[in-house]
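What follows is a set of structures to go through.
First subunit A sits with subunit B, and in the next complex the same chain sits with subunit C.
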Partner chain A sequence: MHIVVCMKQVPRDNSVKLNADLSINADGIEKIINLFDEYAVEEGIAWNEKHGGKLTVLSMGNADWTEQIRRALAMGATDSLLLSDPAFTNTDTLGAARAVAAAIRKLGDVDLVITGRNSTDDESGAFAPALARHLGWPQITYVGKIQDVDPAAKSITAERNLETVVETVQSPLPAVVSVIKDINSPRYPSLLKIKRVAKIEPPVWSAADLGLSAADLAPAAALSARVPAPARPSGEMITGADAAAKVTALVNKLLENQVI
Partner chain B sequence: MLDLTAGYGMFLSDEHEMLRRTVRDFAEREVAPHIRTWDRSGGEHTEGPEDRPHIRPILKRMGELGLLGICIPQKYGGAGMDYLALAVVCEELERVDSFLRVVISVHTGLNSLSLFQWGSEEQKQRYLIPQAKGELLAGYCLTEPNSGTDAVAMQATARRDGDAYILNGEKIWISLADIADTFLVIAKTDPTKGARGISAFIVERTMPGVSSYPLHGKLGMRAGNTGGLVLQDVRVPLANRLGEEGEGFKIAMAALDNGRYTVAAGATGLIQASLEASLKYAEERHSFGGPIADHQLVKRMISHMVRKLDTSRLLVYRAGWMKNQGQRNTRETTLAKWHATVSSFECADDAIQIHGAYGYSDEYPVERYLRNARGGIIYEGTRELQELLQADFALGRRINPPLRCELPAYDPTEWGG
Partner chain C sequence: MAGVLVCVEQVGGKIAAITRELLGKGRALADALGGPLAAAVVGSEAGDLANQAVALGADTVYVVTDAALATYTTDGYVAAAKAIAAQAQPALVLAGASFQMRDFGAALAADLNAGLAADATDITVAGGQISAVRPSHGGNVINTLTFAAGRPAVVLARKQSFPEATEQAGRSGSIQNVAMPATSVRTKVVSVAPKSGAVNLADASVIVSGGRGLGNKDNYFKLIPPLAAALGAAYGASRAVVDDGWVPYEHQVGQTGKTVSPKLYVACGISGAIQHLAGMRTSRSIVAINKDPDAPIFRVATYGLVGDVNEVLPLLTEQLKARLGR
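On to the complex of A and B.
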């Protein structure tokens, strides 16, 4: 079977600097695999080891963002694909999903897409649902465990960890799955594989390769302003002659406000 | 923050960078959160075998990751990377704690590389392969209670008896003494012949007459295991003699060319850790109306750390490059070891100074760096021995004649698999 893991590359948190307009300064940022996508990579590798076939790690970004892709290959992905084009620079979640959907359709034989529940930079959490919608495939989100993937029966059974319940969901393949933290423990790159993948250049597909125009990739929503969040008002200090007086004043205040 | 390992493209490639990131992730995730507790656990004087619960599991993890056979060809169970990769592993491990690097020094540098250099094919099959895979852990036994730098004064003996040798003696300051499965033991086969009467043996812990005991209360390296090894009428088969009879001193010294290299690389990692801690703290702590990083005498300590970091790293990588080429590197390795270990102690000391009173407590890691750094100025060749060696090389009083078995040059095709 052919599994695709969508892996976003995000800034290592301590490497981020802000521009004067509070946007992120992209220069000198160290890229890492988005936390939740690392679990997706591990999950993809584990099912690929079980069923064989291909595991393609797919990422979007600058043409030289290859280090983390190689890292996923050294963990055990069998193939890689980088979507890179100046036209992708300002895409929003919807545009990114449109581009990735086009790439998955172009790959042709994909049975299962796994990705993280959200990215740790933009935090929209909408990528997996948007991708499923573009592909017209079922989506299983917030997955804490994949019970089974059956390539012959073309079905997947997975547990969704919701706020108060765990749902077990069965779906036909192909499907899009988004995983949560702690679904597994991601492995380290294998030293044996590091040697093999260190010089691999992933294939790069542009917007034209995907048949996408600038209009397809234009953000649906536009940023109009970016200002610091209002500061939280500070708390009120209770004063009093001694501890007993302070406690009495505090309790009276809590009663007044119907807190107790 | 400044990338302290950037700019070494003349030595390192992308695979070294991936390796560095992998080892750093491992050390930061699996060791750093626990290291203060592990370090404290080694301060107690206790009787009996080493049973501190963190030691075996973390060694097992290092084996699983392939770190223990990093620069051993894949056909011998290793990762098939080069000698510079060995340095990168040591830097990144000691950046978190020295005890991790010590494991690489004794298991990989002193023991496994000696088997790779001097061992028969049968010995490589039997010991090197499981050691490179981390299935067997290995130690190195040269120092004795009454002989250190003057190794030829050792008292351990190996008496030939038919198709075996009978070993007797005591070795001390042995890293992994209570943990390792096999030891490279240096002993006298002919006490009348000085350095030429010394031979090397592969001794298994399970051989009757082998026992060990732990040492506690060391100044540093408290998270690891150091101890003594007692050999009492231990019958070691002839097949377990490494090299020829009388070749043991050369083997022991050649082993140190590799052990010292790992110590030098590790000390470089310790310098980097001291610098990183200092950079962070100097921006956080304020005095006289600004961060202490604004003060010139703090800046001086930082700039000296940077100088020592880069010079140590360059010396280490030069020695590693020479190993890759198959060139004899005793002079370059001992220079790197001398400079990097002495510098690491000075940098840890300055790091404490920058941290002020906080640096004097274990609330911050820098006091541990200082304690750990001190040992490197003693073991695997004292500072004083390295000084004498450098002078003798410069004066032409010391040359290194070719060895019967040189450390194999790195061969990317042959080693890869």
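On to the complex of A and C.
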């Protein structure tokens, strides 16, 4: 079977700066595989090892976003694909999902797409549902366990880990699945494997390769303002001669200010 | 396109708190847009929800009931919502930002070719233009998205962002049944199991969280749940203690756990790493208890108390019990 894992490269930490044009400046911050996507890659590899076929790691991003694709290849992905075009720069999550859907249709033989729960930079969590709708495929989101993938019966059974319940859902394939952090323990690639993939350049597809126009990628919601999170109004330190005095002072404050 | 459509969520036959918030905010936004406030009730049965939505401010309630809607499926609920949107023609669709509603809202936005703001903390209308505010990058960046005219906007709002609408007895509105369109629901919900001891941190108005400063799992359970009980609170944790297996992942607050915005968040023995702050910095009041006066958590604290959790927490629990009577 052919599994595609959607993987985004993100800054390791979010102490980002803003450029004058409101874009994010993460220069000098190390780029990593989006935390949840590491789990998606691991899950894809595990089912690929079980059923054989292809595991393509697919990323949409800058032309130089190859390092983390190589890391996924070193972990065990068999193929890679990078969607890169200046035309993609200003699109939103829904536009990204439209472009990735076009790429998956072009690949043609995909049975299962695995994504992360959300990206740790944009944090929309909208990509997997939007991708599924653009493909016309069913979706199973927030998956904490894939019980079974059956390529012969073309079906998948997975547990959705929601706030207060676990929902077990069965779906026909092809389908889109998004995974959460608890699903597995991502492997570390061996040095040998890292060396072996060090020179691989992923194929790059542009908007034109995907038959996408500027209108297809125009965001329906445009960024009109962006500011660093305002600092919280400065609070106060509770003082007192000893712990008991501090606790009394704290409880007094909480009651006075109707916090409790 | 005119007005606002609120997707109704319910808890035990009653309109959920998040929907009350959205009906309150939606009323003001609909007035600013010069259109009606509509509500969408979708399920296997509607019970009294439509009347409740009218009392909470809806002008029109669209109801789709069908046996196929007994449990949530993306196919079923999006089909029902699209049938309602086709009649209501809203400029703005509002829903909560729970996991289920994100599954739903993003799919609906894709199908309607709408703009989407997920996990919004504010929504405004100015000169007919709709904007939503949403944090990203672990809460470090606050974005304002302005929706393109002529396309609907879908906004999924973070809980406890708006005051809840209050019921107005005797308010009247129109209730319209909408037929469930023919839909193939491809996914099958095999079972729904409540999580044992699950807490819905996002619903809690007070949260007490413990971090590595508690020392070990036994100490966490000796100190945190009693304090939580005294405050009527749910209890949460930092990733450090979740990773060490003290408490399950459901309790994790932060960028890779839950994002919460309670009235009061009490952080005990938590350093305040940016990934933790990402999940709780929008709480209305924050109490931090940490033995290190330089701990970053104090920078976001409304009330900071420098002290040893082993000494402070039992005293605090006792005083709260005595003075709040819980």
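Just so it is clear, the second predicted complex is superposed on the first by the 212 of 260 C-alpha atoms of A that agree within 3 Å, B and C clash if a C-alpha of one lies under 4 Å from a C-alpha of the other, contacts with A are read in each partner's own complex, and residues count from 1 in each chain.
What we mean here is this: contacts are C-beta pairs under 8 Å (C-beta built on N, C-alpha and C of every residue); 3 or more make two chains touch, one makes a residue touch a chain.
Remember, it's a predicted structure, so these values are computed and weren't measured experimentally.
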Inset, instruction - Count the residues of subunit A touched by subunit B and by subunit C, then name the partner with the higher count. - result: C
Inset, instruction - For A:L192, decide between first (touching subunit B), second (touching subunit C), both and neither. - result: first
Legend entry - Touching partner for A:L255 - first (subunit B), second (subunit C), both, neither: second
Inset, instruction - Please work out whether A:P129 is in contact with subunit B alone, subunit C alone, both, or neither, and reply first, second, both or neither. - result: second
Inset, instruction - Mind working out whether A:P228 is in touch with subunit B, subunit C, both or neither, as first, second, both or neither? - result: second
Inset, instruction - In the overlay, answer first, second, both or neither for which of subunit B and subunit C A:S213 touches. - result: neither
Legend entry - Which superposed partner A:S23 touches (first subunit B, second subunit C, both, neither): neither
Legend entry - subunit A residues contacted in one complex by subunit B, in the other by subunit C: 14-15
Inset, instruction - Can you check the complex and tell me which residues of subunit C touch subunit A? - result: 71, 74-75, 78, 98-100, 102-107, 109-111, 113-119, 131-132, 135-148, 151, 153, 186-195, 198-203, 206, 231, 249-250, 255-256, 263-264, 274, 278, 281, 284-287, 293, 298-308, 311-312, 315-316, 319-320, 323-324
Inset, instruction - Would you tell me which residues of subunit B are touching subunit A in their complex? - result: 1, 13-15, 17-19, 21-22, 25-26, 65-67, 70, 74, 79-81, 416-417
Legend entry - subunit B partner contacts - residues on subunit A that touch it in the complex: 14-15, 67, 70-71, 74, 188-192, 194-195, 197-199
Inset, instruction - Mind listing the subunit A positions that touch subunit C in their complex? - result: 13-16, 18, 24, 35-36, 92-94, 97, 120-130, 132-134, 138-142, 157, 160, 162-172, 180-182, 218-232, 235-238, 243-244, 246-248, 250-251, 253-255, 257, 259-260
